[in-house]
Structure formats: structure tokens, C-alpha cells
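Each of the two complexes below includes chain A, the first together with chain B, the second together with chain C.
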Partner chain A sequence: MELNQREKIKSILFLSPAIICFVVFLLIPMLYTVYLSFFDWNMIRPEMDFVGLDNYIKIFTDETTYKVLRNTFSYIGIILITNFCIPFVFAFVCKFVLHKFANFYKTTMFMPGFISLIVGSVIFTWILNPIVGPVALFLKEFGVKMPVWSTTEGLVIVVISLITSWKSFGYNFIMLYSAVSGVSGEVIEAAQLDNIPLRKIFLQIVAPMTGFTSFYMFVMTIIQGLTYVISPIDVLTKGGPNYGSSNIVYAAYFKAFYMFDTGGAAAMAVITLVIFGFGLFLLNEVVGKLVYYEN
Partner chain B sequence: MKIMKQIVPMAMAAVLAFGATGCGTTASSSTTTADGKVEIEYWHINSESFAGPTVTDIVKRFNESQDEIVVKEKYIGEYQSIMQNLQADAAVGTSPDLVQIGWSYKEYFGNNFAYTDPNELFAEYGTEETKNFIDDTYAESVQALAVLDSGEMLGMPYGMSIPMLFLNTDIFAEAGIAVEDLVTWWDVDAAARTIAENTDKYGLYIGESNYVWEMQQLIESNGARYITDGICSIYSPESVEAMELYAGLVHDGSALHVVIEEGRQAYLAGEVGIYMDSVAYTNITTTTTDFTEIMVAPGWEDEELQLPIGGNFLAVTSSTDEKKAATAEFLTWMLDAENMLQWNGVTGYIPPIKSAVGSEFMAENPVIQMAYDNLDSAVPWAAFPGNNGLQAEQILIAMRDEILSSGTPSEEAMKKAQEEINKMY
Partner chain C sequence: MVLYPILFAMDNAMKTDQQVYAGLTGWLSNGISLHNYIDIYERVPLLRIIWNTFAISSINTFLTMLVSFLASYVLVYYRFKGSDKIVGLFVWSMFIPFTVTIIPHYLIVSKMQLVNTWMGVVIPQIFSGSAVFLLIQSMRNIPLSLIEVAKLENISDRKIMCHIVLPLVKPQLIATSIWFFALTWNDFIWPNRILKDTTSYTLPLILQSFISGEGGGGFTSAMAMSVITMIIPLILYLIFQKHIIETFTSAGIK
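The block that comes next holds the complex of A and B.
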């Protein structure tokens, strides 16, 4: 056998576990989801009724879809602040500003990452109980009445985003910290010697030099954030009040596993894929090209 | 050696690759255990704090009482979780043998899942003593709860509950109200406002679960009906009047509008004067608090009291003859008075069996006796027909939240909900 052919076979063999997993657990389910979106089915009825674009029409003519879409962008906005911007700043501060207790902060910030978000959500049901939870009782001491966040539109999204951030903040912080650690200390020292304010060091030196990782974390924060919020929504509000805490990912999950509307859920999933695919494409075209790759 | 360095990693990669293709296969569920016993699986909603240990004890004693059948009980979660898991299992061709199905899922379950009519089950697999188990165990009116319009029986009534009011007598004393004053929902309205004015507590909390069962009692007792002739009829002057009573209390701060877990915690912590929930929560409230007095949810002045039945029925979803026979035997154990009443005593559900009537158990459990005495006013949990039933219920939940959270007038929200639901039929 020629050397090249042998090398090709070897590389295919080594890639095959990953390729098979990708095809079996990602590509085939994705294509099947697109297929299912044209049917009225509940996963167990023997007959699948072909309905063409009916599922998509129902989604686009339902006013709750637009409410859910608005909620999705609200979630993205809040999660980007709490799970990307703040950990990024914290990582910079821990690396280049704090000279003591940096390891302590790293450990404590990461610890919630070990706790299941379902368990965390149940705990927060008690902690944030607006009548008898510890936070409510503490605020009562100062004459402040805690708002009933679980049934207040708008506020419910903020609280659920914060609960989600509590869990995933640590991981994002560690990833951004490792990126920030890759920035040469000498460059930072030189900047500090020139009396450049920390704000400018962060925005004009550290942020561009960690662009590769931070761009990845930016995208993953959005995707993972919308996936993680499913747990607290499901435990705390089931998408209520009046779809006020639902987002496009939870809406698909709810359609599939509460309404047993497999076709409708598949259509919602396809719409989600298209929206985020297009968003990622735009992001890459606009921001991705500005990312600095060291080599 | 050099060749070994190449072969070993390639072999490992090949094994991983074939392993990945193999991990989708489903292990077939075996009918018998290694020692030849028939194994059956029982799914339930009884968590650790809601009679879970009692279920474990009932199953353990059954397993020890004979050596042909092994029952594995599994706590799945709420009724919704059971339906989700049942659906997922059915999609891959497996199923448990016995399941607690919530009454609100009666229509959906009946239309979509394979089950055995209990009458047929005992006719085929019962012993001489248990051939007529259903008629021997249940009154006709109780049997009727689990019967579809086609005449087929879906399962065996197991948990029966009605809405009750749990009253904090300490708050009542502080507010200067007597429990006996609560006769109608108008009285509840007045009491809630008095509590909010005279104390720093909330007057009322009506449980806001992911069902509209509690709301059904409030609205239908005023003469309205969720469903008439198979279509939604919730929009009516009576339902608007009922909903406006509750909305008015929420909007002026006399009543709580929170999710069910928060509301329950608030009541148990002594922050709510009147709390509406299922009789099934009797044990939790009376063992956790020393201020609770309980009464049946009231009606309105001139209309007939309506008490929707909550709880569950046991559906037989076994697929083989062996497992069906084993399930039939286990059912006779579960519905035997001793075991049934053990479960009822811990949960607070009303016993569905004939043998409970006039028993010592009922004398020792006055709240359950009180609930039982009101079964004449019991009506089925409103379940919209067909596969859109679950979506219809969701529209009503959203309607409730829209009225209570956003302040949309009940008339507007109810009219819109009715139109939305009837568009699907």
C-alpha cells in the first residue's frame, strides 16, 4: 500500500468515532427534525399526517411566537452581560489587578458549576420566594417589599437569567481567565508604566489579544445560555406568566414534551436553527474578521 | 514494535467507532428476573414527602408476601412527568406495567396509549375470587369517572381529591373573623379583604398549578362551564363574575398571585389566611402547621356546588400475558382496604373503594370523611377532547396569568381564550 493511502486510511480511522458520533447524534437527528416539521404527529400515533407547511404557518400566525422571540433577545442580552462581559472583566481583574486571593475567587466562582441547575432552581424557589424566602425577609427588615418576580413579566426573565448565570458564570470565567493569562505580562506592565488607565488596557490591549477565545465564548454564551435557562424555566414557571418567561428554545421543548406536538416542536426547532445560523453567519462576517489570530 | 505503535491506536479507534454505532440499541425489557419471577414496573407521583415511603412499604410487603412476582416501584415526578416519560417509552416500544395517570390526562391517554380495560383484565387473568373485582371494589359512580364515552374503562380510580380551603386560624383570630363565616365565595372575598386590612398577611391564595383545576371549581360553582357539547364555553357572565372576584383580590393586594410552590411555602410559613388546594395536601399542612383548619371549597349563593375530582387512576399498560396477570394480582393487593387506606391516610386522597365507607379509618380521618361526604357535588376534571386538549388547557392557564398578571379584564381575556380554543376544534 502506498504511504499516502495508508496515511489516509489511518486518518479516517482515527476520525471515525467523532464522525460517527456527529452523524448519529447531530446530523441525522437534525435532518429528521426537518422531516418531522412537515407532519402532525405525537411520536406514538401509528399514522403520521403530512401537513406541509401548516406547522410553520401556525407558528408564524400565533402572536405568542413574537412574544417568545422578544423574550429570547431579552435573555440573550442579559446573559451576555452577566455571563460574558462581567466574567471577562473579572478575569482581567483577577489576573492583572488583584495580587491576593485570586485563587480563592477562581475556586469560589467556579463552584456553582458543580451543582445541577435543576437542584439550583429548586433551591432558588425557596431563596427567592417573594413572601417568605430569606431574601424577602431580609428586605422586609429595611421596609422593602420584594416584588413577586415569578408572575411579573420582564422581571421573571431577569431573575431566571441571573439563576442561570449563577451556574455558568464560573466556567465562562475560567475560560476567559485562561485567555487573559495568555496575554504577555510584559505588555501589560509596559502599559501600566505608561500610566494607561486599566479601562483602556482592557479594551485596547487585552480584549483584542484574546479575541479568538472571547469570540468563541461570546457565541457559546448565547447558545449555552439559551439551553441552560430551560431548566429554571421548567422548574420555576413553565414559561409563564402568560409565556412571559418562555424563549424560542423552551417553546420548542414545551411543544414537544408538554403538548406532545412533535411536528410543531420540530418546526420551531428548524426556525430556531435558521435564526441562529443566520445570526452566526452575520456575527462571523462582522466581528469574526476582526479577531486576532496569533499565528 | 513500530508496527505495534500504529496498530494499537488504530484498533482502539476501530473499537470506538463500532462501539458508537452500537450504543443506540435498546435492551429488550425482560419479563422475568434471574430467579424466574415475573417483574413488573409501577410508576407513581409519590415523592419522599408525599407518601413515597408508604408506596415503598406497600410494594415491599407485596413482594415479600409471595414468590412469583417482583414489583419495582418508581417515583417519576408530577403527572406531567409521567406522561412525558410514558410518551418517550412508547416511542421506543417499551412501557411500564402500571401507571398513575392524572385525571386531566384521561382523554389524551385514552386516545394515544395502549392499555387494558380493567374489566377485561380481571375477566381474563383474575382468580375465581377476583373475576368481578371492579364491581366488588367500586361503586358505579366511582367507576364512571374512569369510563370513556365509548364505554371502555381506562383504569382503576385510585387517588380522588376535591378542592379544599385550608384556613390559618391564628390569622383569622387576629383579623376577628370566624371560620364559620365562610359559606360562599362572597364570604371568602370579604374575609380575605378583612385579613389584608387588619393584619400584615395575605387573605387568600388559590393554588396556581400547571392545571386549571382550582379555577374550574371557582368558575363552575357559579354556574359557568368549561366545556359544553364538546366545545369551550368558558366565556359567560358567570365565569367573568367569578374570575373578577379573584382578580380583584389579587390586584388590590388581598390575594397572592405566585407560582404554586411559592404559594404553598407562604401558607405553611403562616403568611396566608385562606389557601385553596387539594384535599391530598391535608397531611402535609396538618403535620407542618398547628394553625390549620380545613373546609370544603365553597360554592356561590344560588348555584350548585361543583367539586372537580383531582388525583389519578391506575392504568394497566402491560404488554404480555404474564405481566398482565402479575399486574392484576398486584392491583388486588394495592386496592385491598388495608393497603389502600394506608396510602389514603398519608396522602389525604379520598378512598375510592366501597369497603372504606363507614370504616374506622374514616372515623379517624374527619377531613377525608368531610371530603367524602361532599362527593355528591363531584364532577369530572374538565378535559378538552382529542389531541388538542392539552393545548386548550394551556390556553386557559395563559388566560389566568393574563388576567392576574397583566390586569387584562376577565371578559376580554376569557372571550379571547374561548375563541382560540374553539378555533382548534
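The block that comes next holds the complex of A and C.
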């Protein structure tokens, strides 16, 4: 579309605040982080020492890095199941089977989305308190002693995932519900008339037809598993026990602000970005091919 | 399952620690008592903290919405060569993990001497890919013919923006604003870096000190503090829930 002179000026004027903020607070910081990753610094000393790839080498030869990486994938795996697969299936069920309660579920499940993760952490810590929390007391009736999850390696991840999934389940449900709603009812009815079982209808017809939205939600859920968990980790375990609850994003944060290893933190952030970006790229290719065939 | 933690907090906020340790009882079974709230008020600069939280949330929401609205408007209605690329760039920026930007953000804020201030918290957050995304989706839902008719009738651009587009996206604008308000209100990691003393804190920051009982309180104080922290966003949600859910739903149907 051709723009006349006046419109050109207006476009530039209106777009510039966003572009300036984007460049100053997103683009340049990202580049600067990459730059920082080649130095040894602690954010306070006036001089930074150039160390080349040293920070990266340190990270790759550190054992805890691999533990942290495993944790990262655990978090993502858990949250993909609880906050992507389950809401997806549930949305499908709500839309095509249980019509009536959809609105009620949407409204109530979204509430934790408006509540701080810190609030969630505080409340869940007490509900799951191994000695006097309601869950512990309930289990005591059955003679089961509740483990101290905050110092138990596997369980920490489960609990923190639980808190995170409580927070974003509603949002994911609403988005997936609308994605499912976008699929034309006629196709479903036709499939039902053909006596195709519901499970197949979901997996082979509805899911692929939700196109971009479910892809977006898939990525968003991964991001939730990567970044939302940071708040509970910082507040509850600080990555402990022994990095058992840390993930790759938190490890970078911890390095930067608790160990003052600015270069190392930057390197870790860059590695995260590369892994994540590469994963995203792969995903794009795979989904692109799937979407192509649906038509 | 979802509501239980909320009700749990509200209920226990009214009890004393001894009552809790004695065992499980029904909801609000000991009557309504505000002693925990009064206790918190005396121990911590509560009103100041609430005011900080409110101010930061409002300023951030206002600036973010303003910048995003102007940008979205241009990107949707003044399509030019490369504008689609910019849209793509802005939307994909939503997916960038914060670790790659947090260190430089901190450095920028301290160079600008804005540590421990409201603007220090707000300024790096003004650009938001998700705000732009939501607003662009809302604007695209307005039939283009409406705009074209207005242009044919020679209505000035400013009038088109203020009297046609703005009213039509108002519900989504409000919903997105409330969402961002709550997001900023509940934010923890970044304000935790920037705000240094208790009088500058936001609610989630002071709540953290209640987790291990450092604040001097026990379990029920922590519950009361949680209720204080969550109540405003929840109220906003309950008032505007229809708009909010609709906005997210229609953003998803693409």
C-alpha cells in the first residue's frame, strides 16, 4: 500500500516509541549479553578481563551444568503434560462433549493467572508442609509419612511444577479452548457420522486443524516451564538442594546475582538462547510440514 | 483444586497459629478476626508498599499500552514494505527468555541512577511483545470496510483513530490493561533486583520475607499477607472477567 507523505510521517512518529524501546531494551541488551559472555567480570570492578571462550568452556566442563540441563527438560516435560496436553484434551471435551460447564471452568481456572507466583508459592508451601499441612495430616490418617519435598531432589521439581501449572493452567485452557472452537463443527459431525472414535477425531482431525494457536500455546507452555518456575525457585529453594531444582534459566540468574559471575551468567544465557532458538526453529519446520498436509 | 489454595489462604489468615497447629477445622470456623492484618500493618510499612505496588503497576500499564497501541495502529492500518517483518519481530520477541536481557537492564538502570525507584522498575518493561500481539489481533478483528468507508468520506486520520478504532477496541484495550496491571502487580524477579529497602518494596517482595518467617510472623501472618497481595488483582479480574476472557479467546481463534 502506497503511503502519502503525511501518512509516512505519522507512521514513523507512532512506531518510533515502540521501535526505540525495542532496540534499546531488547536488541542492544541481547547483543551486550553476548559481548559480556567473553569477559570475566563481577558487575562492580571498573575493568573487565577478556577471557575469550573461557566462560563457555567452564560451563561445558562443569558437572552441575548437565544436572541443570536435565532438570530443565524435566520441568518442560512435566509442564507440557500438565499445561498443554491436559488442557488441550480437556478443552476438546468441554467443547464437544460437555458444553454447559465450559464457561464456569474458564472463569474459575483462570483466577490463579491473576495471582502472583509468590502468593502461590507461599500457599502451596504451607498446604504441602510435611508436618502440619493439610495434605500431611490427611496422609497421616493412612499411616503415610510425607517426605520433606524441599530437600528431596526429584520431588522439588514436581512441587515447583505444580505451583507453576496451577498458575497458568487457566490461561492455557482458555487459549486452547478457543483454538478448538475454531475448528468447524461440520467436520467433527461428519467424522462422528462415519463412526470414527473420539480419540481419533481429536488426534488426527481437531489437533492439526488448530494450526497456529496450538503451536503458539506449545511454545508458550515451554516458556512457562522455563521462566515461570524461576520465581518459586528463587523464593523457595534458591536452586537447591544442590542445584536439584535449578534449571538453565535460573542457573544463569543465580550466577549473575548471587555469585556475581557476570561473564558466566551471560554465557549461560547465550547458551539458553541458542538451544531455545534452535529448538524453536526445528519446531517451526516440523509444524510447517504438518500444516501443509492438512489441506 | 484451583480454588482450594485461595480459600485456604483466606481462611487461615483469620486464625492464630495455635488454632492452626491444633488441627484441621472447617472454613472460617473460628469466626472472622482481623488480628493478623493489624499485626502486619504494625510490623511492616504496609500502606507504603501497597502504594508502591499500585503506582508501579499503573505507570507500567499506562506506558506499555500507549506505546503498544500507537505501534499496533500503525502496523495494522499503515501497511508498508517491511511492516510485516516488524510485526513478526515484535511478536517473536515475546519468546525471549529474560536472562539474556536482565543483566544489561540492571546496568542501564543503575547507570541512570534509577535503582530503588519506580521508573527503574518500569522503564525496561515498556516494550512488550505480547501487548502488541494482543492489540494487533483486536484491531484486525475490526472489518476493514469500516475504515475504508471513513477514508472515502475524507474523515481525518485522527478522527478515524479516536472515534472509530479506539471505541471498537476499547473492551480489548481494557482487558489487556487489566492483565498487564495484574502482571506488573504480581511481578517478582525484576522488582526484587531493583528495589532495595522495605519502604520501596512491592507486595510480592515483602511477601517473600514471610515465607521463612523472617518477618517475624508465623504461618497465619503469611496467609494474611498473601490475601492482601492477591486481593486487588482478583477483584479486578472478577469485575472485568467477561472482557478479559473474551479478549484472550478471540486472540486465540486465529
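Going forward, the second predicted complex is superposed on the first by the 272 of 295 C-alpha atoms of A that agree within 3 Å, B and C clash if a C-alpha of one lies under 4 Å from a C-alpha of the other, contacts with A are read in each partner's own complex, and residues count from 1 in each chain.
Rule of thumb we're sticking to: a contact is a pair of C-beta atoms (placed from the backbone, for glycine too) under 8 Å apart; a residue touches a chain by one contact, two chains touch by 3 or more.
Only a predicted model underlies this, so the values are computations on that prediction, with no experimental measurement involved.
Shared-chain residue A:Ile127: touches chain C; no touch with chain B. Contacts of A:Ala269 after superposition on the shared chain: chain C is touched, whereas chain B is not.
By the touch criterion stated above, A:Ala252 is placed in contact with chain C alone, chain B being left untouched.
By the touch criterion defined above, A:Ile118 lies against chain C but remains apart from chain B after alignment on the C-alpha atoms of chain A. Of the two partner chains placed by superposition, only chain C is touched by A:Ser178; chain B is not. One of chain B and chain C touches more residues of chain A, and that partner is C.
Contacts of A:Phe260 after superposition: chain B is touched, whereas chain C is not reached. Once the two complexes are laid over each other on the shared chain, residue contacts for A:Gly240 go to chain B alone; chain C is not touched. Touch criterion met: A:Thr213 reaches chain C, while chain B stays clear of it. Within the superposed three-chain model, A:Glu7 lies in touch with chain C and out of touch with chain B [touch as defined at top].
Once both structures are placed on chain A, chain A residues 10, 14, 17, 21, 43, 125-126, 132, 236, 257 are touched by chain B and, in the other complex, by chain C. Across the complex, chain C is touched by residues 1, 3, 6-8, 10-11, 14-15, 17-19, 21-22, 25-26, 28-30, 32-33, 36, 43, 106-127, 132, 134, 137, 166, 169-171, 174-179, 181-182, 212-213, 219, 223, 226-227, 230-231, 234-236, 249, 252-253, 256-257, 262, 265-266, 268-270, 272-273, 276, 280 of chain A. Interface residues of chain C, counted against chain A in their complex, comprise 2-6, 8-9, 12, 20-21, 23-24, 66-68, 70-71, 73-75, 78-80, 86, 89-90, 93, 95-108, 123-127, 132, 157, 182, 185-189, 192-193, 203-204, 207-208, 210-211, 219, 222-223, 225-226, 229-230, 233-234, 236-237, 241, 244-245, 248-254. Touching chain B in their complex are the following residues of chain A: 10, 13-14, 16-17, 20-21, 24, 42-45, 64, 125-126, 129-133, 148, 150-153, 236-238, 240-244, 257-261. Of all the residues in chain B, the ones that touch chain A in their complex are 6, 9-10, 13-14, 16-17, 19-21, 24, 80, 83-84, 87-88, 90-91, 108, 112-113, 202, 210, 256-259, 261-262, 265-266, 269, 271-272, 387, 390-391, 394, 397-398, 401-402, 404-406.
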